[in-house]
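Two complexes, one shared chain (chain A), two partners (chain B, chain C).
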Partner chain A sequence: MKNKFLISVLWSFLFTLSSFAFALQAATNSAAKVPIRVGLILDKGGKDDKSFNSAAYLGATLAEKELGIQLKYIEATDDAAIETMMRSFAQKKYDLVIGIGFAMTDAVKKVSPLFPEVKFALIDAEVPGANVTSLLFEEHQGSYLVGALAAMNSKNKKVGFLGGMDVPLIHRFQMGYEAGAKSIDPKIAVIINYVGVDSSAWNNPAKAKELSLTQYRSGVDVIFGAAGASNNGLFDAVEETKKLAIGVDSNQNWVKPGLVLTSMLKRVDVAVLEVIKETNSGKFKAGTVRFGLKDKGIDYAVDQYNSKFFTAETSKKMEKIKQDIIAGKIKVPDYYKK
Partner chain B sequence: MKKILLPLFSTFISLLMGLLLGSVIAAFADENPLHILQIIWNSGLGSKYDLGTTLYYANALALTGYSVAVAFHAGLFNIGAEGQLNMATLMVAIVGLTFPSVSPFLGIIISFSVAMMAGALWAGIAGLLKAYRGGHEVISTIMLNIIASALASWLITLPVLRNTENQNPETRQLSLSYFVRGADPLVKFFMDSPTSSSILIIFLLAILLWAFLFRTRTGFAIRATGQNEVAAELAGLNPKLMKVIAMLIAGACAGLVAIGEVNGHTGKFLLGFSPEFGFMGIAVALLARNQPLAIPPAAFLFAILHKGAGDLDIETKNITRDLAVVIQAVVVLSISISPWLEEKILAFMVNHKWGAKE
Partner chain C sequence: MILSWAMSILRVSTPLIFASLGGLMSERSGVINIALEGLMLIGAFTAAVVALMTHSPYLGLMAAIVAGALGGLFYAFCVLKLKANQIISGTAINLLAMGMIPLILKILYGSTGATPNLEMNERFLSFPLVLLVFICALIFALFKYTHLGLWISFSGEHPDALESAGISSDKIRWFALTCSGILASIGGASVSIYLSSGYSRNMIGGRGFMSLAAMILGRWRPKTTVLACLFFGLCDVIQMRLQSANLSIALPTQLIQIIPYLMTLIVLTGLVGKSIAPKALGK
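Moving on to the complex of A and B:
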């Protein structure tokens, strides 16, 4: 009995000692901490696409201001160079390398096992690995919401969808949008176009404009553009025709005030900021993180540029749909789970 | 001696001018030019992996360089190397997916023949149009580039070809009979960089093409056609046929890019895998003065610039990869003044009785 008591005392003593040591170590660590270095690889749209990549860049620059990290960003101008650039960052012992967009998947898959001490974050695709975190978004939920809003604002009962690159990710937007529009009016027509099939589709405003104009001329009055920098073509078209457009990823309401119904927010900025914060405080977690309506990782934008579309009634309706999706009362079809 | 040394000297001068102007721009952007050169040098040749990546670019640039150069010798301006290499790569992937279970030996032979034939056919269309219908090769090769990429964009969406494992616009992975990267000793040597033994092709081709152009009858006929079509015809040659042959060879050279890409690097066709190798090849051919033996070093140089460009973004504050493009452009521009420079040097030598003993 006495022995047991002694042992437990000894154990607890050891325990407190070690925790002290731990705390001390943590304190000295944070005192002598060098700012972490973050490499950001943007996809073809580039940091000025006012959409997907702009959001990522915004998140990273916020982190730079708030945390004093060292940030370097690179735009992938050709697909072959992504892996080389990722390796360059890793070889230069960057603490965190963030790949924006699914085009980086193969590169992360190949490079991350070679540099176990470097952390990798990947947006929009999943890669397993002890040093990789995959950041995914529930795009279909937000698309459902803006689809419903589009249907409420369509006089001709015809809404449009303009996708960037013809890939499963954007089909996910499309499916949610269609379901949302049909939930308001089952007979509504949804016209669908994609800008292209390779990554240049994210940055082809000229073609996007042609497609949008064709849709508007055929009687469509609201188009949801999920096309990265190509959305600028949609905005040119909406200015010419004075109809309505819906922006994507970043808040794009300001681009054409009064003509942008809303923007489906995909808070890539928040995701990027979060992952940098976690890495900075040494709490980087490998695995998959999903952002949805509940945590405001996905949302729709209301501000001074589009408040005229949000009457009390519309706001109430939208809020109800949103809560229903969060509560699971509305099941939004998911292209990934088809 | 004059025949070799003078062009070498003036090419060297144009290179120097490119680097000089690049340095001036760097200095204006508040960066140390020497530091910039050091970054490009380290990025291109710094480690075995970097060197391997540079060689991967050099391989493709040399092949497209040959493509442009051979056509030049027949008086044709082949802007279609991009379309030719895209068609060839696509076709190798398609044939590989259609016949997956052959022996690796046969797989390589099939890849080579499909790559060369697909490239040659694609270029041959432009050659035939030029020779027998007078359709200008610049227009038709540009059109064929666009058709090739449109065709690839469509084919890639077919479920039989499409890779469903990820969202990239690419074909499924070829079997190990074609994708022989794993057994390649050079890949291991270069630490798994994108290069492969296919780099050896360009050295072999340099000699073969030189011998063909300067030591065979057909090669002579091609060059005669390029220099003066009427004279060639009066001399009893067949300029039309020569143009078609030149385009076929040009296409086959560009098509060989597929070997390094499909068999040696990724094992699949990825839409847009080429960062416009076909157009960079024009600059390479210009720098090498269309001499097959000079093309590998010229391609290597442009590859270093291309590879080093990415690291400019990472390592400097104000300079982006575009500086490398500026250097390339200045080099090409200064080459256009080199005939004038050579003339002046020759005149100077004659006036001062240099080389009178020769």
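Moving on to the complex of A and C:
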């Protein structure tokens, strides 16, 4: 009897508490100005690719925490669905719609002119329009840097490149990487593989692993993987062969500690956070923004998992190359300008 | 060199062989099984989740077998008990698998795309290859030496004759479809806990349909079907290796990848040899 009473008191207490909490939350929400609504459309790799899309998602959730914006994200299950998703965000009068990846280009081209009051942001491709901002990265510069690092760490004078889908964007990575490796040793062999030719290539770890194993067994020491979620296959292969891998987009050093030489950072998170901040404060600017080594939009990752590869000498060399690229002393070949 | 090629081919064709033998069980008994892709997805997903939970790939594989059997039974229930159209129910199972898995993933791991990664001791390093040899031998023996194999074939060719001998072709088909589900599911599991380390979205990527094509190329016979799978694997491996080879002539590697499908089409249209599908298939 006594127990029952106690429980009911406890329950009522909990209910009151939670209703207070809700009321409090509602009050703080209404006190601030109406938060903007952001629709985020992720590419096929999905928010857990630990790479490109994960970075975008991280940036958006950071904005959600810092600015209290309303975030809704969708993962594109197939390319045909992207336009519909974008349209539905726009029709619901979202303030900002962000398309992650070049696969969104056509959808932005079609949808953005129809909804002039909605702002659009597009990563990795350029679309003109008064309400569109295109966020581009100088991937070739970062690839050049990790290419140089790969060559410094290759005993067999053989380094590898694993691309996801065979598209110009990834060729830009490849070209920079090759140039970087050859800058250290002009005779070095660069073995190149692509996982596939359609967008399922971003999500085919089994094939990526097979390709990586083939490369490692042929004497390749270091493989740079620019393959989205397929990079997981590369990391499985590096674990089994105990060679070296280089991650991409997000910092992937932690995935296989000690076996990931570095990660080429492409700060999609920063770009997404910035564009949300600008839109939130009413300073959205249409046009093209380029992120590169200078503003740390592109970089290479050094942390506790890979610090053993960065001796004082290596760090100095890498820093010098970086400064030379920024100063324009080193001209990195750009696939887009070929 | 030869060994590394052989291992590559074996690894690439492992899921195909399991699944196409599954397809063969079903189609020889007279039921079209277009659901292979979905059943493989279910297997890949279940194996990854259970291996993650129990830290044992063997338990993951067992769970995949159970899930595959249930999937096969469900398909049998649709087409045998409810007499639903086989193509449509098969497609429905594929779509169901693609839709359900992200939902369950979201509940389990708060993400729709992928499971966390499996450690090296939580995944297989070579066991599926042993299992592969065992299953191949089992299926060859089944069709060559046993009454059951004969009944399955009769159920696909002349179900009436089987009925008049006092054996229910329906019962045979229930059995064959369950086996089919199990085999496809093992094929899927080999993708997620052997060839890679965890489940990621739609990771089967058409391997179920490739298995169907291999089975057709193998003309619904176990030995030729396995050979067809190995041939598909060979084409894939050639394509992979040519990519990185320095050839003096630029050969588009995609050309090599279409060879298997081209051959399947040729066999299907009966230009070379005769396509010999079970007579009562789909009836």
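Just so we're on the same page, the second predicted complex is superposed on the first by the 306 of 338 C-alpha atoms of A that agree within 3 Å, B and C clash if a C-alpha of one lies under 4 Å from a C-alpha of the other, contacts with A are read in each partner's own complex, and residues count from 1 in each chain.
Note that in this section a residue touches a chain if its C-beta (ideal position, glycine included) is under 8 Å from a C-beta of that chain, and two chains touch if they have at least 3 such contacts.
Quantities reported herein were computed from a predicted structural model and do not represent experimental measurements.
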{"item": "Combined model on chain A: chain C and chain B, fit or clash", "value": "clash"}
{"item": "Partner chain(s) touched by A:303 [first = chain B, second = chain C, both, neither]", "value": "neither"}
{"item": "First (chain B), second (chain C), both or neither touched by A:103", "value": "first"}
{"item": "Which of chain B and chain C A:200 touches, first, second, both or neither", "value": "both"}
{"item": "Partner chain(s) touched by A:319 [first = chain B, second = chain C, both, neither]", "value": "neither"}
{"item": "First (chain B), second (chain C), both or neither touched by A:229", "value": "second"}
{"item": "Contacts of A:72 with chain B and chain C, given as first, second, both or neither", "value": "first"}
{"item": "Offending stretch of chain B which, after superposing on A, collides with chain C (from 133-141, 205-213, 259-267 or 349-357)", "value": "133-141"}
{"item": "Chain B/chain C common contact set on chain A", "value": "75, 77, 197, 200"}
{"item": "Parts of chain C lying in touch with chain A, wherever the complex brings them together", "value": "4, 8, 11-12, 111-114, 117, 120, 125, 191, 195-198, 200-203, 205-206, 237, 240-241, 243-244, 254"}
{"item": "Sites on chain A touched by chain C in the complex", "value": "44-49, 75, 77, 160, 191-194, 197, 200, 203-207, 209-211, 213-215, 217-218, 229, 232-233, 235-236, 239-240, 255"}
{"item": "Residue ranges of chain A in contact with chain B within the complex", "value": "39, 72-75, 77-81, 83-85, 87-89, 91-92, 102-103, 105-106, 125, 165-169, 196-200"}
{"item": "Partner chain A, residues of chain B touching it in the complex", "value": "43, 47, 49, 53, 153-154, 156-157, 166-169, 194, 270-276, 307, 310-311, 313-314, 321"}
